[in-house]
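Note that subunit A is present in both complexes that follow, paired respectively with subunit B and with subunit C.
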Partner chain A sequence: MHKAIFYKEWLKIRWAVGLFLLLGLIVLVNIFLNVRYGVRFMDAHDYWYRIIIQGANYAASLKYIPLLVGLGLGVAQYFPEIVNQRIKLTFHLPIQENKVLLIQQGFGLCCLLLVYALYILIFVMGSSYFFPAEVIQMQLQTILPWFLGGLAAYSLTGLIMLEPLWIYRVLYTIIAYGFVSQYFLQAVPMAYSRVLWVFALLSLVTVIVVLFSGYRFRKGEMHHG
Partner chain B sequence: MVKLSRYILVLIGIMAASIAIPQIYWTIFREAPSVPNVVYSRVLDEFMMVAREDGVLVRKDEHGNIYSRDEFEAKLPLLFFRQLFATGDMPDTIKGRHMDHAELSTYSSNFTLRPVDMNTPEPVLLPLLEAQSGRVSLALPEDFFRLSDRIEFIVAETNRVDREKSDKFNEALIREGFAFPARLTGGLPTDRKNEEEGYFIKDNNGDLFHLMMIRGEPYVARIDIPAQMEIVHIECVDIATREYYAFLFSEGNEIYLLMQDGYQLQKLPADGYDPKNHRLRVREDVLHKTISIIGDDHLQVTVVDDKYEVVDTYSHQWDPLHLQADHILFGWLFPFQLNLQVPESRFVTLNIFRSPHYFWMLTNLVLVGVSVGLLKRKNRCFKKNLIDLGIVLLTGVFGFIATRVFPNRFFD
Partner chain C sequence: MYAIECNNLTHYYGSKLVYEDLNFKVEEGKILGLLGKNGAGKSTTINIMNGFLHPTSGECLIYGEDSQHLTPATKEKIGFLIEGHIQYSFMNVHQIEKFYSGCYRRWDSKPYWELLSKLKVTPTQKISRMSCGQRSQVALGLILAQDPQLLVLDDFSMGLDPGYRRLFIDYLREYAKANNKTVFVTSHIIQDMERLIDDVLIMDYNRILAQQPVSEFMNKFRQFDIVLENPDLEFPQTDMAVNIEQILDKVSFYGYATLEEVKGYLSRSGIGYKSIREQEMSLEDAFIGLTGKY
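Coming up: the complex of A and B.
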């Protein structure tokens, strides 16, 4: 049964996963082409100076990509479910409803983390060609909040999409915007380094919030049906 | 599990609300207190200041006498010498000292240190500029150095360690007794300055060292500091007089100048200085230095002469922030505010600004009453909503919003 659910989820998001892998690859290749240009055709030490001392961030164009992936996978996973309320069928499977939702969410989360891991791997590999370990560490501390923000956005997308009432969808969206935007504050490199673990924890616990909408959806069904 | 998911959402709601709503509040209601700019007049031998009073810029002396701009500048020739020379109003001598434009320029400097300057991510690598290249202008080096368990220069072009140079500098540091790793570094990593003075580095034992590169060779000097003195911050300057290298800040909130002459320490009068909350300004002219310590609700100015003897002091207090109307209204509306970005730091923090007053307790009670009323109207069980009511009681308007947006319907 689990295998079948995984397969169904994979069918829903495989195009999105492929698309985002491609998009990430394009953005990352573009980033390192720019770095290569900076190091080769400007003075390498001037380029380093701008990054290390003046706080320029060569990964800046990556900033909202993890957010886009989180939102995209969330929509790809839950939009088909709310068309004609198809999720009802899922809830009629002989598995406890919360468990089904968690399996779905867990599968999506794994795919999301896999995409992120690939991004970060390519980023670290590319960076270590041009920069020493200190710069890579600095960059990781700078870009990690963006990925954690993408993760929170993914979880909250599920919450918003499964919510049966439009007015609440709007309210959730306002709160979600206020919350997720805290991962993308305008700040100097490494600004999040002291609170990174708090943000990681917050992103982690948001993974289960889809249960709340799922519960309301089922309750709503009972009222209408 | 579903209940837990709801409490997570309520927490997220409270966080988002307690960040965003007070932000909107402050952009509408913030009243910035006006901090007078206090300077010392060698003509009157007293303090003079520019202050904003009821929205109007007022120039006055300690006794409250009002001056026009021209009168004011004429009383402060050491500060406004460029203007006075241009109009021919500059006196030839002040206190028996001949007034020379070039000398006045050399001695005129301004140093400011805000709390945020001490609370900012440090550069992960640093450039060590050549101090005596024989060229007029400074140039950035081809490499950057790290100070881990040894010093290593990494060439930017190749991203490789320059072994030869690293070994040379490493040996020079060890010869002087430097204990790796460095705990604190101060310097001006820029080529836009008059002179390269390298870096001042506190080693793992708490000792202070001076590191420079002179014609490609390492220059390392050990600096004698009092044994009990713990340096917490080093702020280098690039002043034309070359009188001192840097400001040193000790754990006991003392301020020292690190003099260029024999690395001596010169203590500055700065009683009550707290680098976490106060802005420090040191303004220098040919006859004296003016040290200003500026807090939220007070200002303390000390003038010293060229021998660092105190000439005069001035202090001024104004209404503390929490008595301002904007803070009082805040106290009525919100129990606290979550600040991720504060003016005192470039790091993202989880600063909780507690309301300066307790009026919010009334507001919270009213909101609890409203919540109870809503429960009654919908015939909900009072007991099963106790946690929600507790949240509203503690977090006020934020918790009220969060518990409304993510309603508790588990027991219907």
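Coming up: the complex of A and C.
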């Protein structure tokens, strides 16, 4: 059963996964071309000064990409389920309703983390060509909240899309916007490093909120609107 | 044990009553047709039966289990056709078979491919690019391959042309009877039902008008066409008639009374008539006669 559900989810999101891998690759290549340009063709000393002393972030153009990936995967996974209320088919499968949602969500999350892991791997590999480990560590602590924000956005997209009533969807969207934007407020390097674990914990908690919309759907809330 | 047993089912949408204390049972191996006008509560009943709506009160049991908390083992016994033959249309015909075959232990792909061989589709054809009729065959084929004990088919005739409707019905009846399956079906095209169902359950707003074997219903429920002597006479209401429809001097009298009983009523009430004759009815005529045109 798990394998069959993974297969269905993969059919829904495979194009989005491919597209986002490509997009990430383009953005990251662009980032390191800019770094190379800064180091080799501009004043290398000045560039180093901006990165090390002034705390400039050479990965700034990556900022909203994890968010886009989270939103995109969430939509790719849940939009086909809400068209014509196809989620009824999913809930009708011979498996407990919460369990099937968690398997779907878990699979989507794994794909999302895989995309993120590849981004980070390429980022670390590219960075290690130009910078020492200390700089890379600092940059990682700066960019990690963006990925955690993308993860929360993914989970909340499921909550919003499966919600049966439009008014609640709007309400959830406003709350989700306020919540996710917290991950992107500070541009200062390592601004979140002390509270990174809190953000990580919050992002993990959002993974299960989709169960609430599933429960509301099965209760028949859409018929009361 | 009954395949379906609804006890004292009551449902309100906000303050609007859909029905109160609805009771019905479906025996195993029977094909039951749920008929009702739009808004009579057919979809509400289907949604409650499938656990997509909590009733205000009462319960609906599927093989003895509350429909709101069906176990995976019971869900495996139920084949569900959603109104409009909804399926995962982002898949192609091969992918969808592969997906469902991993979900059901009793999966037998033979009837699925057998039905699909009648269509001019390739295994890589996406369901979203199929006609409504073709999609109906995919949805039916998937249910048959699942090999459920109970088939719940919500408005299976929606969007189908007469040929596909006939194909669907004939295949379904043959399959259900050969394998002792229970079928709970709704359709807004009642003429289809006559070929398919054993028992009929007719719902009107807030209540059940009839639940019995369709042959018994067709034998007992009658229509009499009466031509009045006085076209200005407004035909009086009577308990003997379930429904009376009058256009000038022509009266259609629907009910469970015999011809003699109606004649007796007319003479006792002093209603002069030129002629009276029993009209043969199809199930659709009987349905309209029972529920009224409006």
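Couple of notes before you dig in:
One rule holds in what follows: the second predicted complex is superposed on the first by the 218 of 225 C-alpha atoms of A that agree within 3 Å, B and C clash if a C-alpha of one lies under 4 Å from a C-alpha of the other, contacts with A are read in each partner's own complex, and residues count from 1 in each chain.
Here is the rule we use: contacts are C-beta pairs under 8 Å (C-beta built on N, C-alpha and C of every residue); 3 or more make two chains touch, one makes a residue touch a chain.
The structure presented is a predicted model; accordingly, all values stated were derived computationally and were not measured.
Residue contacts after overlaying the shared chain place A:73 against neither subunit B nor subunit C. Looking at the shared chain after the overlay, A:198 reaches subunit B, while subunit C stays out of its contact range. Using the contact criterion defined above for the overlaid structures, shared-chain residue A:144 touches neither subunit B nor subunit C, since it reaches no partner. One of subunit B and subunit C touches more residues of subunit A, and that partner is B. In the superposed model, A:135 lies in contact with subunit B only, and not with subunit C.
By the touch criterion defined above, A:115 reaches neither subunit B nor subunit C. Using the contact criterion defined above for the overlaid structures, shared-chain residue A:98 touches subunit B, although it does not reach subunit C. When both complexes are overlaid on chain A, the residue A:89 reaches subunit C alone and has no touch with subunit B. In the superposition on chain A, contact of A:219 is made with both subunit B and subunit C. In the superposition on chain A, A:28 contacts neither subunit B nor subunit C.
Subunit A residues in contact with subunit B (one complex) as well as with subunit C (other complex) are 219.
Residue ranges of subunit A in contact with subunit C, taken from their complex: 1, 3-4, 7-8, 11-12, 80, 84-86, 88-89, 91-97, 217-220, 223-224.
Residues of subunit A that touch subunit B in their complex: 39, 43-49, 52-53, 98, 129-132, 134-135, 137-138, 159, 168, 171-172, 175-176, 178-179, 182, 185, 187-195, 198, 202, 205-206, 208-212, 214-216, 219.
Per the touch definition, subunit B reaches subunit A in the complex via residues 1-2, 4-6, 8-9, 12-13, 15-17, 19-20, 120-121, 123-127, 140-144, 146, 154, 156-157, 159, 189-190, 340-341, 346-350, 402, 405-406, 409-410, 412.
Subunit C contributes residues 13-14, 44, 47, 50-54, 68, 72-73, 75-76, 78, 80, 82, 84, 86-88, 90-91, 95, 98-104 to its touches with subunit A in the complex.
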